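In the two complexes that follow, chain A is the common piece, with chain B as its partner first and chain C second.
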Partner chain A sequence: MTALPGLAGVASVKDAIRRRHGRRGGRAYVVVRWAAAAVFVALLCGLVASIAVDSSQALAHTGIGFIWSGTWNPAANQFGAGILVVGTIVTTFVAMVIVVPVGLGTAAFLSELAPRWLAGPLSTAIDLLAAVPSIVVGLWALLVLSPVFADHVEPFLKSVPLLQWFFHGPAYGPSIMLASVVLAVMTLPTVVALSRTALSGVALADREAAMALGATHWQVVREVVFPGARSGIAAALTLAVGRALGESIAVAMVIGNNPSVPHSLLAPGATLGSAIVNEFAEAAPGIGTSSVIALAAVLLMLTLAVNAGGQALLRRLGPGRLLRSERAERPARPGRAARREVPA
Partner chain B sequence: MSRRPAVLALAVGLGLLGTAFGTSASIAAASSSSSAARASTPSAPGGPLGPAYDTKTSSSVSLSGAGANSINPFFEKVFYEYHLKNSKTTITYSPAGSSVGISDIQQDTVDFGDTEIPMSAKDLAKASSAVLQVPVDLGGVAISYNLPGVTGELKLDGPTLAGIFNGTITNWDSPQIAKVSGLSDLPNLAIVPVHRADSSGPGWDLDRYLIDTSPAWATRVGTTASKTWPIPTVGVGEQLNSGVATYISQTSGAIGYVEYGYALEAKFTNAALKNAAGAFVAPSLQSIADAGSFARGLSSSKFSIIDEPGAGTYPLANFSWTLLYQKDANKAKGIALGKLFDWVVTTGQQYASSLGYAPLPADVVSLATHTLEELQTPQGGPLFTK
Partner chain C sequence: MNGVVDPGRARRYEDGAGDDSEASWKAREHRRPIIQAAARRTLKRRRLAGRLFRALCVLCAAIALAPLVALVYYTAERGLPGLSFGFLIHAPVPEGIPGGGISTAIVGSAEIVGLALLMAIPVGLFTALFLHERRGRLAGAIRFGADLLTGVPSIVIGIFAYALLVRPLHHFSNLAAAFALGVLMLPIMIRADEEAMRTVAVDLWEAGMALGARRSRVARSVVLRGALPGLVSGNLLAVSRGVGETAPLLFTVAAPSFAMTLFIYTEGTQPFPTAQQMAWATAFVLLAFVLVLSGVARLVAWHLTRKAR
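Take a look at the complex of A and B:
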């Protein structure tokens, strides 16, 4: 075991590389690097530009109210994304309500508790689940999960006293709830795999220090491992939310495609993605096609907002790897410092 | 670490599997059929277009098409049979929906399209060159339902069906259903109306019928029938005939519209609908054929055979229309397409009945073959001469 190079060590390695490859190799590398970055940026700009141009007709027709106007009925030439935005946010939120405890719990189990013989195969299985194409998940949900939901899960949810506010009305099978469960199934592997890596990345020394102070296993996980991995966990959740917002095919197969105001999680609904799937192939040229592309623009903005929010959250949380005591010592705003004070 | 490549390979394999799932149904069963075709005498299948262009001597031609979902069982069968008789012609068809057929032919990405509702003059103007529309099959739209324990025939008229699909009738024990159907044992069960989430020919047919028979429906949706279901906020929307059929078979209390061929395959019970003569008629090959027999002066602009007269006529029937460029840039492809659809509208009709489609009436066959005679060479001369 050699000691990890400190900051000075990293700088000297960089110097060594510069010396060995000379200026010419360095310049070629810089050119390639810039070119690669430029291609990526050009692709993104092109995509955004074409979406903006193609959606302009719809936005000109409906105005900016397109984003919150409620009625989506292509047959009557009524185009408004409002209900679809609500459907998208609701399905994603419910999916995250499922994913956060289950995903983080699984990740903590894999990195902290599971014996080696179980953790390896289980991690591989979860990675494989991430590779299942969404149409396969959708088919499974439509053919297998939907009848089970209609006959057993949804009647049960309706019978639980407090949940009745969310779950009422006839149990159709395809519903906002089923779509959320499908989204949870699809995003769970991402969350588990990334958070597991983040949790395992917390330094052994930190854990040992906490143990040496007499912390129980649970206290170590709660006070040291999770706080240390929170930036990685936040990144995992941001990715999952982004994927859930944009998922189209599998959602279109199970949500019931009914663009009305959702009054219950058991009611069929519609999302931006599912509406794009259903309308795009047959959208009437002109305003119809333009409106579908405008849905894509709204979806893009929503995803962008979530990513920006995630980035901001990451920046606020800092790089992780901080013990609570260290944080408490840092100068912080009074309110936050008071909240985060460590019990003696 | 040694596990990583294996995991990667598995992931790639699964990805490929997904791609295979995603691709359209490929009809050409090349490997299974070529040997059989070579063993028998390879006769060029032909209808009235005659043997002038014998595709068996030409080089291999691969034709791709896209369009109506409703015609898919029929196309699968006839394209397979045609390929057996003529192994040089390979045909793939992607049943993604009528409107895909129209937009694909407009954008010139397929060799032929198919739509349940013919292209309008406006649609035709958006195509890169002249498009011919050929009627190729006669199908019906079944109103299928899932009501366990109900044995009597469910009879429905336009206003009752409109009430179910606009959300004013919500339970099977509604007095209006009991009165119209004459059934007294209908259960106290919520009705789940199922409509197509994508736009569809069957949706247009039912919308047309409801507009014609229910004033309440016409007041709500207007008098122009739409391929996109006009009231998507009632009930559940599913994709394609297969999605609607799957949902009906899974759900007690569900009722929806599917192409008769799909309803037949799923062994659904179908409602008898009140026709223009006031009789209640269930979909069958005979009642659909009766609707087709009223197709006087049929053309791509006068195509509707919804709610035709006649006591035995089923009110929801329609022809499916294949879309071809009048001038295919590739002459060999033009000839192969002409021969293929000439065979489909004549000899190929023998396969219709077993799949739930009625054979084309004689005057429609003649309309189809006369339309095919208008096919041109890339230079503009007639492709087929008598």
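Take a look at the complex of A and C:
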């Protein structure tokens, strides 16, 4: 086949365009674009470096044992994050015990059961819950929920035979349990939204196959939909855990701020976030402040680890499996071939 | 795996499964009622489980909806009585003196968020353009960094702002608070902006370039123009997150009365009913603002998807 006339010119035209764009093709724009990306990377590195540098004094004073050493007593110059780490993990765990069944049930309802006219407004409402500022949740929990807890919920929890092992002691209201409920309220939208996306991403053909085998609706959900969305749900829960670990102000309002070993979920406790909120303003300059910043460093490591895990989970799935339905909704999205790298 | 795919059970119902000869069918004929009864029994059980599942799911959805309803209800019930025009335009007064408002807090919040937007929007937009036009390892790393930064607790960001802008300058400032909020909103903006830009077809970008336009011109007239509704809604959502943040302001703002969220925190944790009343009224203003903002953002996004169809 002979070469088409004129095709030979394409390369030179391309070259001309490239030269033109290289010389005056918005070089300022490219520089600004690079600068913005550089600023962002600098912020990221600066954040980690700043926290690391500022906490180094405390870590030098206490040693690496800061992370698990059990006493937090600034008055006696004793600093250790151990109890606060335990408090953070306990509140997050209890919150997850509440959120996982409720969140997954709601997601299943929205994606599998609810009629369209109900599913739309309901998911919007739950997304709006995500927009409610944490301080408003905290205020509501402190002034409305806490008296209800002290008078009704906590005495009830104490009276249930098997739960007594977890719930005993006086019912104040502000407690680890209340903080966990607050965290549950705040992480619920994350769990619902992400696991709903995962559930509705399971292929229709898979459901139809199960239906054709005679499965009831519930069996389809249990045997096909949930297993198919397993990794998406895992990612949703991981991200929710990350959020619960890092929440500080609402927790500080309702947990009672008592950095001691929690013996009951009704006792007041403290988390890393709540301790930072309460201690930072009063910390003595030098070692005191540095210790509080070291708490922030521990919190940062904890959340970074959890979030990196969640992102890795999401990433491993790829858009093909988790976001299958989302892709179908996006008509303007270009195909793979068209999305190859644009020469810079 | 009740009744769906259970080879063991299938074998129990029909021994000699797989033997399809005429004689075998006849021999098994008398068992048909037994098999059918068994199938009915499992179907009954399976349907019962299905009904239970449905009831539990409805219950879960109701439980999930309850906090939002309770939050809005109580904030309105306790906040509305304290709300008036004077409340919005007067400055706070010391405890014990009647009257007073939250004008300084509203102005302070607006100033902080405005400054934060001024810092975050350009960086976010250009970083998103960077991610949009370049693929590869660096872009992937930045995207991953943005996702990680989204998960960093806001209080840690507050301490970062304190270390960077408050301690060296020896005074608290709205600038430091705005910086903290900017850092907080930046990753949300980057990801939302990039998602919005992806909805613009690459063909249009290529067409723009083929016309000989500069990169900056294509970015402005094709990518940003096409992605505008998505950009607006994504950035509005980031704003609604930023306005409601308290923790980063704790260590950066000079006084609690200079930001709505901090004001709620200090007033709400006091034992006096008047202070708590102030907190509720402020919370109502904040909640209304944030919910309206997310509603607008959602409307814009909805408008976008409808137009795309």
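Everything below uses one rule, namely that the second predicted complex is superposed on the first by the 265 of 344 C-alpha atoms of A that agree within 3 Å, B and C clash if a C-alpha of one lies under 4 Å from a C-alpha of the other, contacts with A are read in each partner's own complex, and residues count from 1 in each chain.
Assume a contact is a pair of C-beta atoms (placed from the backbone, for glycine too) under 8 Å apart; a residue touches a chain by one contact, two chains touch by 3 or more.
Since the structure is predicted, the reported quantities are computational estimates derived from the model, not experimental observations.
In the superposition on chain A, A:N257 makes contact with chain B only, while chain C stays out of contact range.
When the two complexes are overlaid on their common chain A, residue A:G173 makes contact with chain B while staying clear of chain C. Contact with chain C, but none with chain B, is seen for A:L122 once the two complexes are overlaid on the shared chain. Considering which of chain B and chain C touches more of chain A, the answer is C.
In the overlay built on the shared chain, the residue A:V132 is in contact with chain B and with chain C. Contacts of A:N278 after superposition: chain B is touched, whereas chain C is not reached.
Look at A:L143: by the touch rule set out above, it reaches both chain B and chain C.
Once chain A of one complex is fitted onto chain A of the other, the partner contacts of A:A215 are limited to chain C, with no touch recorded for chain B.
After overlaying the two complexes on the shared chain, residue contacts for A:G228 are found with neither chain B nor chain C. With both structures placed on the common chain, the touch criterion links A:A296 to chain C but leaves chain B unconnected. Chain A residues in contact with chain B (one complex) as well as with chain C (other complex) are 124, 127-128, 131-133, 135-136, 139, 142-143, 253, 277, 281.
Of all residues in chain C, those touching chain A in their complex are 1-5, 43, 46-47, 49-50, 52-54, 56-61, 63-65, 67-68, 70-71, 74-75, 78, 122-127, 129-131, 133-136, 138, 142, 144-157, 159-160, 163-164, 183, 186, 190, 198-203, 205-206, 209, 212, 214-217, 219, 237, 240-241, 243-247, 250-251, 261, 264-265, 268-269, 276, 279-280, 283, 286-287, 290-291, 293-295, 298, 305, 308-309. Residues 72-76, 120, 124, 127-128, 131-133, 135-136, 139, 142-143, 146-147, 150, 170, 172-174, 252-253, 256-260, 268, 270, 274, 277-279, 281-283, 285 of chain A are the ones touching chain B in the complex. Considering their complex, residues 17, 20-21, 24-26, 28-30, 32-37, 39-41, 43-44, 46-47, 50-51, 54, 101-106, 108-110, 112-114, 122, 124-129, 131-140, 142-144, 185, 188, 192, 210, 213-219, 221-223, 239, 242-243, 245-249, 253, 273, 276-277, 280-281, 292-293, 296, 299-300, 303-304, 306-308, 310-311, 329-334, 338-342, 344 of chain A touch chain C.
Contacts from chain B toward chain A in the complex involve residues 3, 7, 10-11, 14-15, 17-19, 21-22, 96-100, 103, 106, 126, 190, 192, 197-199, 221-222, 226-230, 232-239, 243, 246-247, 250-251.
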